[in-house]
Amino acid sequence: MNPLPALVLLPLMGGVLAWVAGRMRAPINPSTSWWVVLATLSVETLILGMVTFAHRAHAGPWLEHFSMPWIPAMGIAVRLDMDGLSLSLIWLSLILCFLCVFLATRQVTAHAGAFHFLFLATLAGIIGTFLATDLFVFFFFWELMLVPMFVLIAAWGHEDRQRAAMKFFMFTQGSGLLMLLSILGLVMAHDRLTGVLTFDIFTLAQTPLSPALSMLLMLGFFTAFAVKLPVVPVHVWLPDAHTQAPTAASVLLAGILLKTGGYGMIRFNVMLFPDAASRFAPIAMGLGVAGILYGAWLSCAQDDVKRLIAYSSISHMGFVLLGIFSGSAMGMQGAIMQMLAHGLGTAALFVIAGAIQDRLHTRDMNRIGGLWAAMPRLSGMGLFFAVASLGMPGLGNFTGEFLVLLATWHVSPATATLAAIGLVPAAIYALRMVNRIFLAAPRAGLPSLEDFPVRHMAVLGCIMTFLIVLGLYPQPFRTFSVPSPLSVTASQEDHTP
Amino acid sequence: MATFLIPILILCPLAASLITFVSAGRMDARGIGMVACAGVGISAVISIILSVMLLSGPVTGVLQVTLWPWMHMPGFSADIAFMLDRVSMLMILVVTVVGLLIHIYAASYMYHDPGIARFFACMTLFVAAMLVLVLASDLLCLFIGWEGVGLCSYLLIGFWYDDPANTVAARKAFYMTRMGDVALLCGLLLLVTATGGSLRIGTVLAAVANGQLAPSGINMAALFILVAALAKSAQIPFQTWLPDAMAGPTPTSALIHAATMVTAGVYLIARLHDLFAMAVPVMALTAVLGALTLLMGACTALVQSDLKRILAWSTISQLGYMFLALGCGVWQAALFHLMTHAFFKALLFLTAGAIIMRAHHEQDIFRLGGLRHTMPGLTAAFVAGASSLAGLPLVTAGFYSKEMILSGVWSAHFNLTHGWTLSGPPLWGMALLGAFLTALYIFRCVFIVFCGKAGTGAAGRTSRLMSIPLGCLCILSLCGGVIEMPDTLLPLHLFSGLLDPTAVLSHTHQPAWLVMAGAGAPLAGLGVAWVLWGRSSPVMREIPGQAPVICPVRTGRGMDALYHYAFVQPFCLLAWLTRLDILNHAVTGTGLLIQTASARIFRARADFLGRLAIQATRMIRWAGHLLGLLHNGRVRWYAAWIAGGLCAGLAMAVLS
Amino acid sequence: MHALALLAASVTVVGAIMVITRRVAVHAVLYLVVTLLALAAVLVMQGASFAAMLEIIIYAGAIMVLFVFVIMMLNLGQTDSTREKEWLRPRAWLGPGILATIVCAELLYCRRPLSGPAPALAPITAHDVGLSLFGRYVLMVELVSFLLLAGLVSAFYIGRNRMGRH
Amino acid sequence: MPAFSFNDTLLLATALFSVGLAGILVRRNMVFMLMSLDIMLNAAALVFVGAGARWHDATGQVMFLLILALAAVETAVGLALIVCLHAHGRPTLDADTGNLLKG
Amino acid sequence: MTGHDVFLPMPLMVVSSGIMVMLAATTWRRSVERSFVGSMVTLVLALAVMGYHTGRMPDTGSSLFIQDWWAGYTAILTIFSSLCILLMAWRDAGHDRTTLVDEYPLLFMLGTLGALAMVFSANYMSFFLGLEILGISLMGLAAFRHRSFMQGCEAAMKYLILSGVSSAILLFGIGLAYGITGSLRFIPPIAAGDMPAALPVAATVMILVGMFFKLSAVPFHMWLPDVMEGAPVPVAAFLAVVSKIAIFASLVRYFGTGNQPPFFDDILSVVITLTILGGNLLALRQTSLIRLLACSSIAHVGYLLIAFLCPGRLQSGAITIYLLAYTASTLGVFATITAFAIHEGPDGTAIMQWKGLFFSRPFLASAMSLMLLSLAGIPPGIGFFAKFEIVATGVEYPRGLLLCVLMIGSIIGLYYYLNIIRMMMTAPSLPSPRQNRHARPELTVLVIVLSMIVVIGGLLPARAIHSLLPAPAGPPAVQDRMVP
């Protein structure tokens, strides 16, 4: 049995179960749906572990392959392939989901079943996005994951949630339409040349395209991914969405949803249109640097904790863009490392911000005051992840940033210097946050606050460990998460039977 | 053996840090202190063992440990790798031994502080990071320690976070050094690009020696690294953070902001001296900046009234000496001075801390006074440290190290491009002036604090735990210098022989009066200080005014008038000048400007791109509204549209 | 014959113009009857005497009577005609007039170069029409019955609602 | 010799059509609008008869008959509506004022 | 007169017989329930014979009617939609029993008959009669608004006058075409080459204008929001779904799906652009849900016309799936509105009334969201795939400008659809007086069935496309023949 469809479908089914469990009446424990989610995630982890550790049997770069015709008239098939990149990103998703489940979603009491269903549905969409190698299926999942996320933000978010949710949806959906155009353009171009209507990227990657056309198509893809990543001129949705989303949704957004943008750029921009991507690289790198500086600068000006973290994400994602378009394997790997590290670190920061909001009912740093005295554990964690986010060597972010900078330096030292300068405001916003929330004089009239219990600390401790391992011993992850080239198909033997 | 010991050496303080952090609130203060001291103590013992091993090995022997590959990929590789050679041996000894003494002191000093666990966690973490910094054989690995010590410094400066001023100071320190870090990062990127993918110090230096780098590349790399070192060591133009950093607890100031972290810049340049040797303009720049810094630091220290700030400025000034030495190519002298400076400055800080503690946290020297009687032990220790700092001839360690620098500077010569040259004697003159000023300000402090009328009453007594380290440091700062002597006195070159047995420094060709001058300047400074502040009715034992105060000439007191014109007036002028502290203002002003600009721009209209999006939405809504107005519900109007559409359609179809 | 045709045609158009310019509804109805009669004459001249008959009987006879009935029910008086006068200012005419003229001009432009085969001489008699109607197009007749049924039901419902509810 | 060629029929029909259209666009009274509608339908019917004459085809007159039925039905329903509207709230039968549905 | 001349497609026969039976039953005893049941049975029967017939008589029909895949498909859609709408109307009539309204189902049946006649027509005459039957019944239906009779009357009057104008234009055009070709068959007059160019063009344009009016493409769309708002909710659904399917079916049959003459292209491009932008922009400012749906249906016509304008391999699939998606989703929305009205009291036509529905009626709100998302073209609804296909046709037959318009329109559309969902998620400010009328199980079933169609169609669109691939027939295969 092939594990890939199970990976996608399992969260969905678990979600439905959770919903049903949430709607059950009295005798059932209200947290049943939570347990269902936990069980689902555990099974998912088991399957993923199986995939991870049993892949030695295959020799090729693609670990698993699954294919099933879907809409034969259009040449569309449910084609899922897994390589190291998608595997590592799925691992990241699962880890963050565990983080959410342990630290954030249990607090949701209003319509918990529905919340968990939407949560898992988002996860399913994200995993599908990471696995799909059929452009239509990819686009399907790409759009699919927006809907539950929209509802999560709009229904469970904070005060200005609905505007934020609308903004989020409009931006991502609108850019998705551009991608749709590009997908169809590519498919039709292939069709015109060969007479074969297919959405299979392995086949489409071989399409000979004129430079102008490939640039156009690449731009379509790029726009969609740029909005998701986000790249600076189109980042507008992100601060609002991150700020207003409930904690779990913020974690998913920052931790994984943004990564789908990076993932898409690697797989669909750089690998599908290598020439156009290399011609576009200077602009993309410029945008990346702009993102680094602009995001960091704006982050320094925020008073809202979650907003600050959100802008810092923009800054970090600038490095990802820079790395992807630096045109070397090193930059690509740096970008992947940065994605993983940013996913872990920022997610943890959002969890902490969410915990603060749960306790103090404010996100305004002026009104939070020093928490170290009241909540040393939470504050310690906050300090650690803030430091990670400013790019402390030895932690995951630095590995990514350094590789990206190195790759960029090979291309253009000036760009790399500018990007490196972005690390100074990074220190400013991170430490500003630390000194206004954690290490500051406690505000008068603070209610007695409950610190993180030990099990929460254990979960966050795991994230910490991951970050440290990523920072000090990234070698296995690095070799593991290399994206496989599209010229090699996983499934030559599977296609023929 | 070494492969085993070196990781342990680093792990010990790290483990102590983790234990103290995790045990916050569960372990009592004594236990925490013991754990921390044990961690640092074990590493001190190990470092001594390692030194013995190294010294017993061949002369050029190096202990190498590669723990695991960090990043290996085509075009770049970095390892978590350590290397113990003689330079790093010196450094680990300083770090662990001085660190141990300071930890022991701090265990008592911080005993009653509720945040002691956090304090020791940071302190031990700092030791670990510093050890990584000095032991790393890979520049990227060094960078871990480099940033790590910065972080610990930040945490410790802002240790008493209740006062916003402290946290501001902490952040200032971090930001300033962060700029340097960015420069260092750029330098590393440049080097790794040039050397083809490795940052091993050996590889880098070999590449430099082989001429793989273009001269401009070398200059750029050296410049980047110099900026990093300047920032870390609080040299011009980054000097402003260090005095503010005195907001931290005194042991922190002693360990981080005097003995070890601020010398990391010196260490880095000394480590890469082969690279710098090829970059003559950068060397000249280093020397000039060092000389300027040492003068400026000394002058500023002369007019400070806060005990710890005096010491902080003096640290800047002494680091200036080291940079001067580095710039002149006598890196051994810089390291020597680094070591002695670690001893006496730690001593001074610790003593100051003890004094302040007993004097009810009074730091203003003008409110102290007459402590000679109440705290004789501390007085002795402070005087020992002060004389070593001033470099009183023969009996202090500071004299020998300073002498080594001075003689090195004298014979320096820079061939800059386009025929410009810079030779040593002017720099030497500045250094000598600095020596005079050093003695002047430190003894000003000594006389004001310890002589005269009693100021604030003292309470309690210095605990034994605090006095032991003081004693040890006293001995070290007085006698630690005899291992290297000027040729004029005795051709003893143990230290430079230790560092680099192949190239022992000797300045036999220099005139003997150089040594005399070097010995005389501090003495002169001491004398002037005695005249000004030490006599029973001191002229200037009051707080200098804010504005240039020209004291009225007191009639009938010829000697006084002479003093007045010779010293008081220049002093007041100096006070006025340094109080303006133009550089400090410039740097702070720039920071403030950026801050206000960002606040102005982004607080007022947050994220103008977001505004743009909102405007676009508004336009679309407006269009919709306008269109809605057409739907006024009138049938005739609707029919007119149909007719118009028919009209247009016919026209399009027929006329096309 | 031509003169007659010209006369009938012009009466038709002039009558139509009078219809849309009258202030009093009954006058307009009368002009409409005139128009329809003239149109019937035109139809006769085209050899469609059956159609002309229908035009007179159904249109001018039945439908116009319906109009007259309704106008009587509405009981329009002097105030209405003055209001109509007010509504028929030249300004109100301007835009619609231009629009209608343009449409007319465009249609005429399209028509201009038209020349078709000469129509056959033999008129189409009621017999032909009947054959066609109940032969090929018998289903259409059935459909028309449904059309009339729909109209009947609608009008009945609307009319009943007026009586019953208010 | 026919009195009307198809061409002439079209001319007349076009004129009638435009007049009817103008009537609909100009008149605010719904009764007049209905009358104008009838004029337009008559114009269309005329075209059919003319075309039937041109091709000598009875279909044209069948269509004429159908259009007649349509006109009758529309007039009937329209007048019923007019009576209704007149009774409830729009006594002036003005098409422009008193519209509840707009925007 | 041949056998073909009296050929009447079975569904038409069944529906007309049903109407007559109902009429006869009415003379015996008037009963609303019985009328509804009778009409629904008739429609189910028609559906049944539909399935029987489509297999047997795939193409060339008589000169009046034609029965092929395309006609069969659209007829099924029409009948199915009428069935759903009747189900909705049942409660509309049921909850207000002060007057006997057995004309209500009768008029629906007449309207369906007209629509079916249009769908099956192969001749101007049958097409025109069908159109008018549909139109006249709609006039009657629009006045069936019980609570606000005046609005209903006004809507009916507007519809009457405007559709009269458009009918006159259409008839004029048909007359011209008849004059040119001498036949009432569906042949675009361009094909007959013996006439000068301008007149056929004028005829085509006038016919197009008539059709555009009924389709409510933009310069001719103004009546739709007003009429839909004034009419009862099921009638609005009828307007939005049945009449549009029927007219679109005839449009496709009339103009075929091949390459069109250039002037046609130009006009259609302009109309599509205006339609998409206008419809979406108009919908932005609506506060009435029905008006909003009217505007959005205008926009959807624009999308559909893009597929119509882009001949190619994907065209037929795109049109069929889009019709299905549009029908199912729109009906779903209307069904939800009706169900809402039963549950919550107010008739659910103002968006504000939907506030907080996610918390009080999660099922209803979820169904509504699903339908709206499907209309917006977002998975998992069938609308997603439909829009995908539309874009695919646009890309295949490169129409960059129209695609840009489509994109902008979709984004704007997304906004107002989401706005409704957003409104449902807002916590209600004060609890509305809950009248809690009787729950109608049939409406719940209807909503569930429509949701299933939307979801299954979204997940397995292959079936829908596959079986209907040969659907839109081009111009009838029979060659033009002069009527003797």
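A few remarks follow.
The letters A, B, C, D and E name the chains in turn, as written, and every chain counts its residues from 1.
By definition in this document, a residue touches a chain if its C-beta (ideal position, glycine included) is under 8 Å from a C-beta of that chain, and two chains touch if they have at least 3 such contacts.
What you see is a predicted model, and the numbers here were worked out from it, not measured in a lab.
Listed by label, the chains touching chain A and chain B alike are E. Set against the Cα centre of chain D, the chain with the most distant centre is B. Of all chains displayed, A has the C-alpha centre closest to the centre of the whole protein C-alpha set. Chain centres here are means of the Cα atoms, and by that rule the chain farthest away from chain C is B. The interface with the largest number of contacting C-beta pairs joins chains C-D.
Computed centre separation for the pair chain B/chain D is 97 angstrom, with centres defined by C-alpha atoms.
The centroid of the Cα atoms in chain A and the matching centroid in chain D are 65 Å apart.
Chain A and chain C have Cα centroids lying 70 Å from one another. Per-chain Cα centroids separate chain B from chain E by 79 Å. Residues of chain C in contact with at least two other chains: 95-96, 99-100, 103, 106-107, 109-111, 114, 116, 137, 140, 144, 147, 150-151, 154-155, 158, 161, 166. Among the residues of chain D, those touching two or more other chains are numbered 6, 10, 17, 20-21, 24-28, 33-34, 45, 50, 52, 54, 57, 59-60, 62, 66, 70, 73-74, 77, 81-82, 84, 88, 95, 99-103. By the contact rule set out at the top, the touching chain pairs are A-B, A-E, B-C, B-D, B-E, C-D, C-E, D-E. Those residues of chain B that touch chain E in the shared complex are 620-621, 623-625, 627-628, 630-631, 633, 635, 637-639, 641-646, 648-650, 652-654, 656.
Remark: chain E residues 1, 5-6, 8, 16, 19, 23, 63-65, 99, 103, 106-107, 110-111, 113-114, 117, 125-126, 129-130, 132-133, 136-137, 139-141, 143-144, 149, 153, 156, 179, 195-196, 198-199, 201-202 touch chain C in the complex. Residues of chain D that touch chain E in their complex: 6, 10, 13, 17, 20-21, 24, 30, 33-34, 37, 40-41, 43-45, 47-48, 50-52, 54-55, 57, 59-60, 62-63, 66-67, 70, 73-74, 77-78, 81-82, 84-85, 88-89, 95, 99-103.
Interface residues of chain B facing chain A in the complex, by the touch rule stated above, are 21, 24-25, 68-76, 80, 140, 143-144, 146-148, 151, 154-155, 158, 161-164, 167, 170-171, 174-175, 178-179, 181-182, 185-186, 189-190, 192-193, 598-599, 601-603, 606-607, 609-610, 612-613. Of all residues in chain C, only 1-2, 4-5, 9, 12-13, 16-17, 19-20, 22, 25, 28-29, 32, 35-36, 39, 42-43, 45-48, 50-51, 54-55, 58-59, 62-63, 66-67, 70-71, 73-74, 80, 83-84, 87-88, 92-93, 95-97, 99-101, 103-104, 107-108, 111, 114-122, 124, 128-129, 131-133, 137, 140, 144, 147-148, 150-152, 154-155, 158-159, 161-162, 166 touch chain D in the complex they form.
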